[in-house]
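By written order: A, B, C and D. Residues from 1 in each chain.
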Amino acid sequence: MKLSLPLAMLLALSLAPSARAANEADYKAAYAAAEAASKEAAGMRNQWTVTVSALAAAKKAADGGDFDRALAAAKEAEALAKASIFQATSEKEAWKAMEIR
Amino acid sequence: MTTTTGPHPTRRLILQGAASVALLGLGNLPFTAAPARAAANDKYPDEAFKQKNEADAIKALYGKTAEPSDKVKLDAPEIAENGGVVPISVTTTLDKVTSISFFVAENPFALAASYRIPDGTLPSVANRLKMAKTTNVTALVEADGKLYSATKEVKVTVGGCGG
Amino acid sequence: MASSIRVRATSNGDITEVQALIQHPMDTGLVKDSKGEVIPAHFIQQLKFECNGKDVFVADWGTAVSKDPYVKFSFKGAKKGDELKISWTDNKGGSDTTTAKIA
Amino acid sequence: MKPRIPLLLGSLSAALVAFVLTSPGVVAADKVDPVADAKAFQNFFFQKFPNVKHEDFVNGPYSMNEDMKRQWQEKEEFPPYEFALDAGKEMFSTPFKNGKSYADCFPNGGIGIRQNYPYFDEKEGKVVTLELALNRCREANGEAPYSYVKDEMASLTAYMAYTSRGKLMDIKIPDDPRALAAFENGKRYFYTRRGQMNFSCASCHVQSPGERIRAEILAPALGILNAMPIYRSEWSGMGTTSRRFVTCNSQTRAVPLEPQADEYRDVEYFLSYVANGLPISGPGARP
């Protein structure tokens, strides 16, 4: 099974993690971005379960005051959501490659 | 009820047998008399079903050890399509069969099911058992007071791709 | 409500083949439900088949018997039209019984 | 475990492949031709599995593996869906509070008609599945609709499928551009990759039927809905087509759509149409 997944997320994730500890503002910004991407993915009816759970984990960590983990989870959620958007757009045509003719 | 075919069980012997079966449940006393299970008790072998491993369960149920025999034909799938519903059956050419039981070695409780075979009932049973994981399934047949067994490994794993 | 026991008893010659499927959850007591609480053990312990006043088959079951359990066996000495009585009891004192004519 | 690096390589190659393929190929596949699609679909499986009898494809994994087929035949002697079947029969004959019953909602009293579902409703301009028709019948008679993924719906469809056993799947596509669009949409959904696993229905049921996915043998896509609804040992209970679509989605880590969403209705329409001519074998028993 060729696992081909056009993943913009990998580029996003490889950014050097910021040195100082994350604070609430960083987390809020990252969470907002993640939520927007997640809504867009849902709008394309191609949401992933892992995006939803990463968002939930981010929220839970933030509620617990652990903003480092919350920020990381929010970033991951955003990357996953972007990946599912990329998947939906590329599959608009790519599915024909598998069609039995 | 059928009379046992072993040594004629006087009352004292049965009591002694029953006592030692009970003691045996604690798994620490060597076993002396061996009552044929079918006649010894009519009630549910609660003790045997409580044993975790196979050897204790066999002792608690029959009070003796079994010897593998090719006269016991155990039919079980190579790979179970689902651990919750594994079709397993056994048939034997041995005669004077009084009891048939199934053990799943690494289940939480080894003894899965035990059947009493009165006179006139054919010595073969089919049933569907649950298996916790890949392990050995053993069928025991008690014929003419002696125990015979057949064992087969059945592979069990979950299905599906992820989730 | 129809009986929880479905039986099919067919005789050819002197041998009667009996198949039974029983509607029962057969809970092991080792499983948790979606809310994380343990589902208590609830399983058939004894299943009896009687014909012409005699036990022809007695099953003692543990928690490893599948949900909606099935069993098949055969016995001699009965003929078409005889009545087979089937009854089970479970670890919570529940029970059910039914009769079936041998076809 | 996040497989990062292989995904990166995978994604670059996929993007490349997608780009290459879309440019020349798209012209040929524009006109929707269900008859040709169905023929190509069936021939693909008949050639891939020459020694599987055509009508056996409806037995899913059991047409692919002898050991599994034996376990299935043992189960079929006294199948676990027996109780759902009886419950369905009873529900079918119990009138609603207003005295009517399911028989009044369906042609031929609902007996022996499952092979014509799903059908394209030209008034509504959409595909109507058996499950949807049953719930609409309930609502039309003042009854609360059943859940699409629970036992009641499965029992009803089990009984209706049983009354059609052996009849050949007979799905019609009227000469209506919306019907062709629904068929095409179903086909698109069937071949579209989704979820973090990046699988489409075809990844498993076209590329690798007969192979194992952990303990289970994958069923061929041809005739896969002919056995619905199915009693799955894994669920130790009955499953409707809706439940099967929803669970398949979540296995590939895609968030499922609501049961009876347009995509699900269309993919059921597509999959049933391409299985025309194969017998109904529902209700089925599966791992």
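Just so we're on the same page, a contact is a pair of C-beta atoms (placed from the backbone, for glycine too) under 8 Å apart; a residue touches a chain by one contact, two chains touch by 3 or more.
Because the structure is predicted, anything quoted here is derived from the model rather than measured.
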So which one's got more C-beta contacts, B-C or C-D?
B-C
Cα centre of chain B to Cα centre of chain C, whole Å, reads 18
If you average the CA atoms of chain C and of chain D, how far apart do the two points sit, in angstrom?
34
Roughly how far is chain A from chain C, centre to centre by C-alpha average, rounded to an integer in Å?
53
Suppose each chain is reduced to the average of its Cα coordinates; what separation in Å results between chain B and chain D?
43
Could you check chain B for residues that touch two or more other chains and list them?
84-85, 126, 128
Touching at least 2 other chains, the residues of chain C are 66-67, 70, 72
Per the touch criterion, the pairs are A-D, B-C, B-D, C-D
Hey, which residues of chain A end up touching chain D in the complex?
1-7, 10, 13, 42, 45-50, 52, 80, 83-84, 86-87, 90-91, 93-101
Across the complex, what residues on chain D touch chain A?
3-4, 6-8, 10-15, 17-18, 21-22, 25-26, 29, 37, 40-41, 44, 187-188, 191-196, 198-200, 202-203, 206-208, 250, 253-255, 257, 263
Quick one: which bits of chain C touch chain B in the complex? Just the residue numbers, please.
15, 28, 30, 45-46, 54-67, 69-77
Chain B contacts chain D in the complex at 77-85, 87, 126, 128, 155-163
Give the list of chain D residues in touch with chain C in this complex.
77-78, 80, 82-83, 86, 90, 236
